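Please find the structures below.
What follows is a pair of complexes built around chain A, which joins chain B in one and chain C in the other.
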Partner chain A sequence: MIEIRNIVQSYGRNRVLDDVSLTIEDRSITALIGANGAGKSTLLGVASRLLPVISGCVLLDGIDLRDIKTREIAKAIAVLKQTQSIAVRVTVSELVEFGRFPHCGGRLKQVDKDKIEESINFMDLDDIRDKYIDELSGGQRQRAFIAMILAQDTRYIFLDEPLNNLDIKYSVEMMKIIKRLVRDLNKTIIIVLHDINFAAAYADYIVAMKDGKITNRGRVKDMVTCDVLNNVFDHKFNIIEHHGRRICLYYGSRKFHKSEKMLDKRGMGRQIHMQKCLHHFSKHEVSKAKMKKVLEHHLSAYMHKHKKHDYINKMEQREIRTREHVH
Partner chain B sequence: MRALQIRRTQPNKKKRIVYFIILSVGLVVASLLYLYSKTYAKSMRVGIPMTPYALESILIRALPHLAGMLVSALVIACVSLAFQTSTGSRILTPSMVGFDSVFIGTQTFLVFFLGASAKIFANSYTNFFVTAGVMVAISMLMYGAILRNSKNNVIFLLLFGLILSGIIRSASSYLQKIMDVNDYYQLQAATAVTINNMNIKLIYAVAPIMLVLCSIMLIRHRTYDVLALGEANAKNLGVHFQKEINFNLILISIGMSLCTALIGSLTFLGLLAVNIARELFKTHRHSILFIASSLAAALALVFGQGITELLQGAVPITVIIDVVGCSYMFYLILKENKKI
Partner chain C sequence: MDYIKSINFKRLIIISLFVILVIASMLIGALESVTVKSLFQGDQTSWMVIWSSRLPRTLAVILSAAGLSVAGLIMQAISRNKFMSPSTAGASDAAGLGIMIAYIALNTQEGIIKTIFGFFFALIATLLFTSVINRMKIREVVYVPLIGMMYGGLISAITTLICYHFDAMQLFAAINQGSFARIGSFATVYIIIVPVVLAMFYAARFSIIGLGEDFSKNLGLNYNRVVFLGLVIIALISAASYTAVGPLPFVGLIIPNMTTTFYGDNIKKSMLDLMFFGADFVLICDIISRLVIFPFEMSVSLTISVIGGIVFMGYVIATMRKGKYRGKKSVTPSTAKASGEE
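On to the complex of A and B.
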């Protein structure tokens, strides 16, 4: 178990972390979220011993990290930073071999070789194992680095924005791999994520940070709510549920915000449909009769479905407004 | 899969062995060429036949000279490689960021404030140890602070080195102007060493230290491999990054002060040797790179010196190395720029 206690960290006068305490659950994915400069990466750096602790302490199974030899820590905690451009030219398998350094000091024994093969196979890198790192695509490179960390054979893995510069396909692939690491290999993963939707979809726990403090933490269900996210990101969120998964909409369209109240209480799909209609009307020359027909059809369908007067009134108002607009 | 992999890496290994053989044979040939040009070529030119006695007396002077060159080439190559690994760049070498001007500056300050007759300066050994100590301290202070704050910022380091060596050079030349004439001559004898007038007296004391230095680096080649991956990765793999860098800086400072005291400054030899080794062997493994770049440096130095001796010193070897190395550096910088 990793316990972070009362960490205070500052760059010059700027307090990046302000008395942060956190306990990380084993065998789970904990996602750190927050706006830029909230201190996520710094917290990750401190917890994974990349940054020196100034005040407070980080405990690994109850022992202060400062009291453990760095070689020993490297057998328990692995960390991957966000920028992965290395100056040397190494092949994928050579990179993975480096993962065994804490265990064997660079002299590979049979155990180490087996472990290397295992992690190369786990990350599906066998066919590109002799390629140089700088020849790989972003997703492949990220996978190669994860393989190195797997070879390191640690219980804890810290990842600092592993989805940076990855396109959607590779991002999803990466998150699936991370999920597998927890499920199949019993790893504990702490990950800094920028995209809240990835955190909502794949993490077990979410820790939200703002201005160097942890504002909220908890299970995804309790964390992905408008109240929490609006506060953390200083931005208006809309949250919809799709097949039991929460999805956040944060693309600041005015239409969304105008109709925010309605969206919270009623489904999203209909609203979007209405907007599509309006958009369609404004774009194409539609005869008034047809427009009226379509709108009335929608309105009647809506009324039939909900039978709520306040909504009907609203829709009517809206219809009138739209008509005026079109005229 | 295994078999396939072995097949794929095999030719590379063979190539490396061939390159090693070529380099070593080349080095032997170069050494012989050097000795030949010192003895028979010279005697033919002058028209005096080589007697066994003359041969012996020349060899007694030429062999330590050769050993000095070999050992310095070894140190320059190792130190440059270690420095490149610590800074994470392929372009920088210690002499480029002003390590050797720190040497000259230290000597000048010693003479100016203590006088050339002071024991510290006059005795080559104490002089050396004091200078090396000062160099270690200065480089630790300056490069330690700068390397810590501007990791991998090659241009900044280069600029810093330029300014540092500029300041130290002008300060020492000013001090040299106002110092006592006798002191000045003594100082000149100590600092204006080149390959041709090597500080032979120092060889027997310095060579063992140099060899120890290089073997320390060679033994730790696996740590260098990891350091080359960059700070975050090295820390992740359980290497105490800052400690290693500091230790490295100490080694580099000692190595540079030894070399500069022995054969003067050779700005581009390190750059040339390390990059030749990298190009030929195409590996990140420091075990190979250390040996290969040492061989390359020794070959370049001894072969060049042999040629200049043959040509009766028409073109000094330092000039050749600087011209070649300088153009190579331009090439490297242009290539790096293109990449970005």
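On to the complex of A and C.
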């Protein structure tokens, strides 16, 4: 178990992490989310000993990281930062061999060789094992680095934005691999993600950060809500449920209406629209007359736009009246 | 078994070329009576010439070339920059400064004392350079060696100033010219064996360092310590080779570059080939410089500069073309220009 206790970290006068404490559950995926500069990468760096701790401590199974030899930490915690900048000509199998360094110090024994084979096979890299990593596609490259981390044979894996520069297909593939690492190999993964939808779909826990502090944390279903996300990202979110999964819409409002229009063909958009209006009213105190006026205006404009039949309009009016009563 | 498997065609060519060149280097010289035949007949003068002149000379060539190649490779791994070498980081110039100071302050001394002086100067100079460069966080690859060259120029200007002041310009001119003809101080060149063995021992660590600081920390490596060790190795090789044979330009730059295109950046794998390759290159240059105005000889620095310059230009252009062909930007025109300047 990794425990982060009261970490304060600053660059010059700028406080990047302000008294952050966090416990990471074993055998799970924890996603760190937050806006740029919220301190996600710094927290990851501190927790994975890449950055020195200024104040506070990080405990690995109850022992302070500063009291453990770096070689020993490297056997327990692996961390992969953005890899696209690494421009070195080594083959995939050589890269994976580097992962054994903490265990063998550069001289491979049979155990190490077995582990290397295992990692290469797990990541399905056997065909390209002799290719140089600068000749690979983004997805293959990322897989090669993950294989190296696997060869390192650690319980904890920290990944800093592993989906950067990957296109959709490879991003999904990468997240599936990460899911498999937890399920099949009992790894514990902490991952910094930019795309909230990837976090919602694949993570077990989400930790939201803002201005160097952890604002919220919890299971995905508690975290992917309008209130939490609006606060964390300072942006208006819309959340849709689709087959029991939550999807966040955070694009421009026009696009949102477009998606509503599409839904309307199945008669769903109207409901969402109504709910939106009512939600708005419940938040702001508005007089009943104004409320009715706005609602009617909204609906007539909406209906006019979609050239609905009159009887639907009548039904809408009735619906408004009933809702008003309820309200 | 692994070792036998790893012997490949490329390595075989390099090593056989090496053997041929060593034999040629032994047999070429002012005394023409030294031939294979006379050696087999047990001719005493021939053997004496071989033992006291040609063998030390050939060994000096091999060791200094192999050493400088290794130093260049480590420098490139540490700085993660393919255009770095001991001569583009001020190491060679600082070694020269140290050796000149040893000459001036202590008069004629054993090669080892001069080497120690050169070593400390080179180490301090490279330490200063790398720490300043790391702090500057320069993104463009070309600027670092350019700054390094200016830095080296500054150091050699100081050397010139000191020599001028102590009226030692002639000595400086003689030392600052790479040559394998100064047999007297060749003994110093054997010092190179120490850092080279050290480098082989730490090869895996240097490869990992080449992948970046975070990467090496992740694998439990003490980044700063390994970088320091690398700089010590570089400084020792620069100083010893400078004392023994003078500056050999380009060796630390082109040999690692060409080897890594063939063998990749895994230092552990490529080191042996790198050393043989470097030795081949300098042996060829040395033989040429001995043959051009036979029975006299030219400075080997000159031959290396001419041949090395041409080879390196060709290499850069080739990688540029290849890069274009693959649709990748491996060497930009600006880097080609910069290397041409050297």
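Heads up, the rule we're going with is that the second predicted complex is superposed on the first by the 250 of 327 C-alpha atoms of A that agree within 3 Å, B and C clash if a C-alpha of one lies under 4 Å from a C-alpha of the other, contacts with A are read in each partner's own complex, and residues count from 1 in each chain.
Convention: contacts are C-beta pairs under 8 Å (C-beta built on N, C-alpha and C of every residue); 3 or more make two chains touch, one makes a residue touch a chain.
This structure is a prediction, so every number in the text was calculated from the model and none was measured.
Trainee: Taking chain A as the common reference for superposition, should the pair chain B and chain C be classed as clashing or as fitting?
Mentor: clash
Trainee: Please work out whether A:V58 is in contact with chain B alone, chain C alone, both, or neither, and reply first, second, both or neither.
Mentor: A:V58 contacts neither chain B nor chain C.
Trainee: Who does A:D130 touch here: chain B (first), chain C (second), both, or neither?
Mentor: In the superposition, A:D130 touches chain B alone.
Trainee: Tell me the contact category for A:I29 with respect to chain B and chain C: first, second, both or neither.
Mentor: Touch status of A:I29: no partner.
Trainee: Taking the two structures together, which residues of chain A meet both chain B and chain C?
Mentor: On chain A, the residues that contact chain B in one structure and chain C in the other are 48-50, 70-75, 78-81, 86-90, 94, 98-99, 101-102, 105-106, 152.
Trainee: Can you name the residues of chain A that touch chain C in the complex?
Mentor: 48-50, 69-75, 78-81, 85-91, 94, 98-99, 101-102, 105-106, 132, 134, 152
Trainee: Report the residues of chain A in contact with chain B in the complex, numbered from low to high.
Mentor: Chain A reaches chain B through residues 48-50, 70-75, 78-81, 86-90, 93-94, 98-99, 101-102, 105-107, 126, 129-130, 149, 152.
Trainee: Which bits of chain B are touching chain A when the two form their complex?
Mentor: Touching chain A: residues 1, 5, 8-9, 88-90, 152, 222, 225-226, 228-230, 232-233, 235-240, 282, 284 of chain B.
Trainee: Okay, in this complex, where on chain C does chain A touch?
Mentor: Per the touch definition, chain C meets chain A at residues 80, 203-205, 207-208, 210-212, 214-215, 217-222, 260-261, 264-266, 268-269, 328.
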